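Before anything else, here's the structure in question.
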Amino acid sequence: MPTSYSDTYFPVLVQIVIAVIVAAALVAISFLLGKHVKNRVKDSPYESGIAPTGSARERFSVKFYLVAIVFILFDIEAVFLYPWAVVYRELKLFGFGEMLVFVILILVGFFYVWKKGALDWSHEAPGDSPYGDPDAAPQSSVTKNAA
Amino acid sequence: MPNAVPLSWYLILSAILFGLGVAGFIFRRNIITVFMSIELMLNAVNLTFVTFSYQFKQVDGHIYSFFVMVVAAAEAAVGLAIILTVFKNRSTLMIDDVNSMKY
Amino acid sequence: MVKLITKEGLIPSHVNKLFYLMAPFVAVALGLISIAVIPFGPEITIGPVTTWMQLTDLRIGILFVIAVSSVGVYGVALGGWASNNKYSLLGGLRSSAQMISYELPLALAVAAPLLLANTLSFRDMVNYQSGYWLGFIPRWNLIPEIIAFIVFMIAGFAETNRVPFDLPEAENELVAGFHTEYSSMNFAAFFMAEYSNMVTVTAVATLLFLGGWQPPFPAPYSDVVPILVFALAGLIAVYHGLHPARRMDKFTLPATGLVFLGIAAIFGLSLFVPVLKTILMALFWFCGKILILLFVFIWVRATLPRFRYDQLMRFAWIFLFPLAMLNLLATSLIVALTTK
Amino acid sequence: MTALIFLIFACIAVFCGISLVVQTHPIASALSLIGVMGSLAILYLQLGGEFIAMAQIIVYAGAIMVLFVFVIMLLNAGAETPTFQASTFVKYLGIVLLVAFLGLISFIIQAALPKTEGVVFGGFQGTAADVGRKLFTSYLLPFEVTSVLILIALVGAIVLARKEI
Amino acid sequence: MPANFAPSAADYLRILPEIIMTVAGVLIMLLEGWLGENKKRNLSVQTFVAFAAALVSAVAANGNPGLSFSNMLIVDGFATFFRVLVIAVGILSLFSATQYLKREHAESSEYYALLLFSVTGQCIMATANELIMIFIGLEISSIATYVLAGYLRDDKRNNEAALKYFLLGSFATAFLLYGIAWIYGTTGSTNLSTIRIALLTPGSETNVILAGTAAALMFVGFAFKVSAAPFQIWAPDVYQGAPAPVTLFMSAGPKAAAFAVFLRVFMTAFGPITSRWEPFVWSSALLTMIIGNFAALMQTNIKRLLAYSSIANAGYVMVAIAADSQIGVAAAMFYLAAYAFMNIGAFAVVTHFSRQGEKFVNVEDLAGLGWKQPVTAALFSIFLLSLIGVPLTGGFFGKFYIFKAALDANLVWLTVLGLLNSAVAAYYYLRILVVMYMKEPGEATLSLQPVGVGIAATLWISAVGTLVLGIFPSVVLNFATASSALVK
């Protein structure tokens, strides 16, 4: 098996190229093969009959953003874990102590996020305008004590 | 094709990317695009770190660029939070409209 | 698939073309890439060349797979955005939010076996799992890491938007979520991407937890198993062929029965040819495990009801993520104490 | 062989960088930034930074850019009016200036750098294990301090983005 | 496996202040979740206890100075001086914040937690002996300050201030990082002492050019943080937009820590190549003083005026750095201490005076304050006189030592222009005094309530600080000169 560095990566490059070609072919075929009939009815967005209300650009709900934030910061923690896991047997107990401090501090952040109710999507009816979730249920996070 | 790429090519590439980031920061008006050009500059810095770690054959460069990534992520998180609050209050993303405090 | 391909590739006018076409392209391309790193069998020598039954073994194979899966979110997100339809935008957003929040427990569940094997390459990981405790229990990662395996499978379901997690597609208002605007081929492209993701997730699960191509019990017995399995399958097929339920079965079933018997014969033969034996055995056990896991996927699709969106998100963050984290800490404590 | 790969991906990176600056619609510039990150990851592989290349894809392309795409989609930032209607003269002057500046820098780099042998694909291999070993021994303090940094980013983002106090 | 890496007890003692503050910040954040509404008040008391403990441990850590954590951290006189200064600034800004938060109905623990974390970041910057540690400490304190600057989310000006501070802040950090990358490239390490040795060895000429460009890049990053000349455009808007106690904190805390890092990097690491970075520090010092003083003349908004005055003060400290001598470093340290006290005092009065929603922030609103609240006006005038540099106040000795150091380094032109500038500065400070005492009390001063406990404490402590530095400066100066020997 080719052991030198570049030989291990060459097949990956080949595989990526093959994957890209196959995917492009898939998308292109349908474009070429299918019959092209342009008419007004087909052009309207698929809406089971009713014309789509409001512009497609619906206002935003902060919930999505909060999930993405919490995801980034914990993703970094996950990526920190990988070199730690690989070198763990050499670090023995001291490695465990290091990581414990790191993880505890970040779990504090997690509990804080949990307490502030950023994670639960209690009242997310898809239909209503999600801008600023004017949800009726008083979602004041202070009163909700820890589960 | 020469098999070895002189190290300075990488450094020139990172200088070009850094320059593009600065140009993006100065010329663009949409706040999010300005923020993206800052991320581009940080990427250019990462490339420089990894290039020099190749030159010295040490792994320190990788560790520095890893810390730069962590900081860039934390900055992106807080930055976009600020951009969200600005959008909530002014519902515009153009830089020029965000200067209510006149001279 | 073929029927879908030929159907008209309608592209509604109000959609911004570039992203509309790019989304399925990204989804399918990413689905296929990670197969490059998955090892199917052990080192074998065919004549002069000793090679691994594997396209390539990166020293950071496992990270490569996680990286590919983390970029997979764009296919879904762009799909939702490109079709400019309010509901598909919401559907796209929600399914990418779901994929994100399940990616985290996935990453942590993968970290647990790494702790034991201290390597990022699939090949060393599988070699670590060879050998047996007390003679018959296989040293798979599954036994010490049962929690991580469960978390990995649940996150695997969610990552590929399988039931019970495919709410964004199924809700009535969303009408198949971000797929609404896609028709024919692009629709098929997304589903193909989903299936290839599923295969990748199950393959990684077998490699990390079920010991790749290692047979579950020691050598002498494990060689016999494939022959028995195929022989049995062949007999059942032939038996049904004799009194067919449907008219056509008279011919098809006996044919399949013969094919199975043939394979059993090949396995029997391979016992004597060492090179052939290792290839076939490895392939049998590896594909067998993947098929079992795929069977679990499909079986779950039939039984479990669909989660409501907020239950689904809360489940990921408030249950799976802390569970994966605690499991990781517990394993590291045990490993720290046990290492000399 | 290395030079070929380097040239391809360097051009991709520069092209995507330019498109980041030039594109009107933020989503297009976000995608071109992802393009830059992908090509940089491959250049890291060339320079022996295996772990860093994968971390770059997971952290940057897989997490930060997803947040950017989310915010752009959520804030439905429409296409920007073309940047300030500077006369074409100013634009060209800008471009010429930029090219001259970059040329100057590359000349300095070219001349100043001590002549080292080129980068060979397998010349230096910084594996994840080496990174881990060094990270958790001599760089212990930055590691522990980064957790405080992440905690602050969390608190800050929540304080600013949450609906009510 | 280098077994000796495990940090010994001494290492932990050296970073004890940071540990205490982080633990306190974490506790406060968690408590806020479980505490009921009423117990919010004593959160500020807990923060004060944490700061006090950190102060004590910082002084104790000076007991056995030395390197720690595989020479990432260095605890010496210089580091302890800035640690104590930064924690004191934290305590003073804590006092002035309690009333302000209650008044703006933004009473919540995040403010205190972020304040604690920002001060931790600054302590890390003060003690860092490695460029990467400096970068991370800088990031911690600036991210916490970005959030604090935009704390009152619904107030448009807060948002704008936070946005401007953030964008320009990360832009400057990118330059700083690029400089660090180049220094790593030329010298092979980021440890300040190894860089110094590497630059001392008569390496090839190319090294010096590259090190020079790297120093220039890093200067851009530091100049921004310190709001020095070419990069001070953000300061007036952000100081005016941010909530008053945060401006108070921002103008003293992060600026002092940034100067600490500026001094340490440029004196120890770039010592050998002073001829490279000397010119642009010199010119930037001059430019900062001119811009700061002349722009302040036309200001009507008190916060903007104090912002320009803080830019001018940064210019004075830059003059001390341009002197590039041991006395210069000592003078800079002394001036930073004096500046911190006078600036905090001035901003405390503005916080108190601006009332709900910061309505009254124009200089004219201060009319007749002398009659309505003589004590506050008297204290305010002490701060203004000290800013001018009247003898018997900290400001005087600060400027005196700086210009003496500049003269010793025969930067004659710089000293002359510096003196001219402080003369111009006297004009706009006196203008405030005139408005306070000579004018009839307008409706703003009549509706002024008495001074709250927190603000009063800040005012008195900073007044005492300014006077002590003015009357017996030798105590602080000797400590500064002793510790500056370690750095140069």
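Chains here go by letter, A, B, C, D and E, matching the order in which they are written, and residues are numbered from 1 within each.
Convention: contacts are C-beta pairs under 8 Å (C-beta built on N, C-alpha and C of every residue); 3 or more make two chains touch, one makes a residue touch a chain.
No experiment lies behind these values; they were computed from the predicted model shown.
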item: Set of chains adjacent to subunit A and to subunit E; value: B, D
item: Chain pair with the higher count of C-beta pairs in contact (A-B, A-C); value: A-C
item: Chain whose mean Cα position lies farthest from subunit A; value: E
item: Rounded Å distance, subunit A centre to subunit B centre (Cα mean); value: 22
item: CA centroid of subunit C to CA centroid of subunit D, Å; value: 32
item: Chain centre separation in whole Å, for subunit D relative to subunit A (CA means); value: 20
item: In subunit D, residues with contacts to at least two other chains; value: 1-2, 48, 51, 55, 58-59, 62-64, 66-67, 70-71, 73-75, 113, 125, 128, 131, 133, 135, 139-140, 142, 146, 148-157, 160-161
item: Sequence positions of subunit E contacting 2 or more other chains; value: 1, 22, 26, 29, 132, 136, 139, 143, 146-147, 150, 153, 162
item: Residue list for subunit B, restricted to those that touch at least two other chains; value: 11, 21, 35, 51, 55, 60-61, 67, 69-71, 73-78, 80-85, 88
item: Chains that touch, pairwise; value: A-B, A-C, A-D, A-E, B-D, B-E, C-D, D-E
item: Touch list for subunit B against partner subunit E, complex; value: 11, 18, 21, 25, 31, 34-35, 38, 41-42, 44-45, 48-49, 51-52, 55-56, 58, 60-61, 64, 67-68, 71, 74-75, 78-79, 81-83, 85-86, 88-90, 98-101
item: Residues of subunit D touching subunit A in the complex; value: 1-2, 45, 48, 51, 55, 58-59, 62-64, 66-67, 70-71, 73-76, 78, 121-122, 125, 128-129, 131-133, 135-136, 140, 143-144, 146-148, 150-151, 153-155, 157-158, 161-164
item: Contact footprint of subunit D on subunit A as seen in their complex; value: 4-6, 9, 57-62, 64-66, 68-73, 75-77, 79-80, 82-84, 86-87, 90-91, 95, 98, 101-102, 105-106, 108-109, 112-113, 116, 118, 132-133, 139-140
item: Parts of subunit C lying in touch with subunit D, wherever the complex brings them together; value: 18-19, 22, 58-60, 63-64, 66-67, 70-71, 73-74, 77-78, 80-81, 89, 93, 96, 100, 120
item: In the complex with subunit A, residue positions of subunit C that touch it; value: 4-14, 21, 24-26, 28-33, 35-37, 43, 50-52, 55-59, 63-64, 70, 83-87, 89-90, 93-94, 97, 100-101, 103-104, 107-108, 111, 114-115, 118-120, 171, 173-175, 180-181, 184-186, 188-189, 192, 309-310, 313-314, 317-318, 321-322, 325, 328-329, 332-333, 335-337, 339
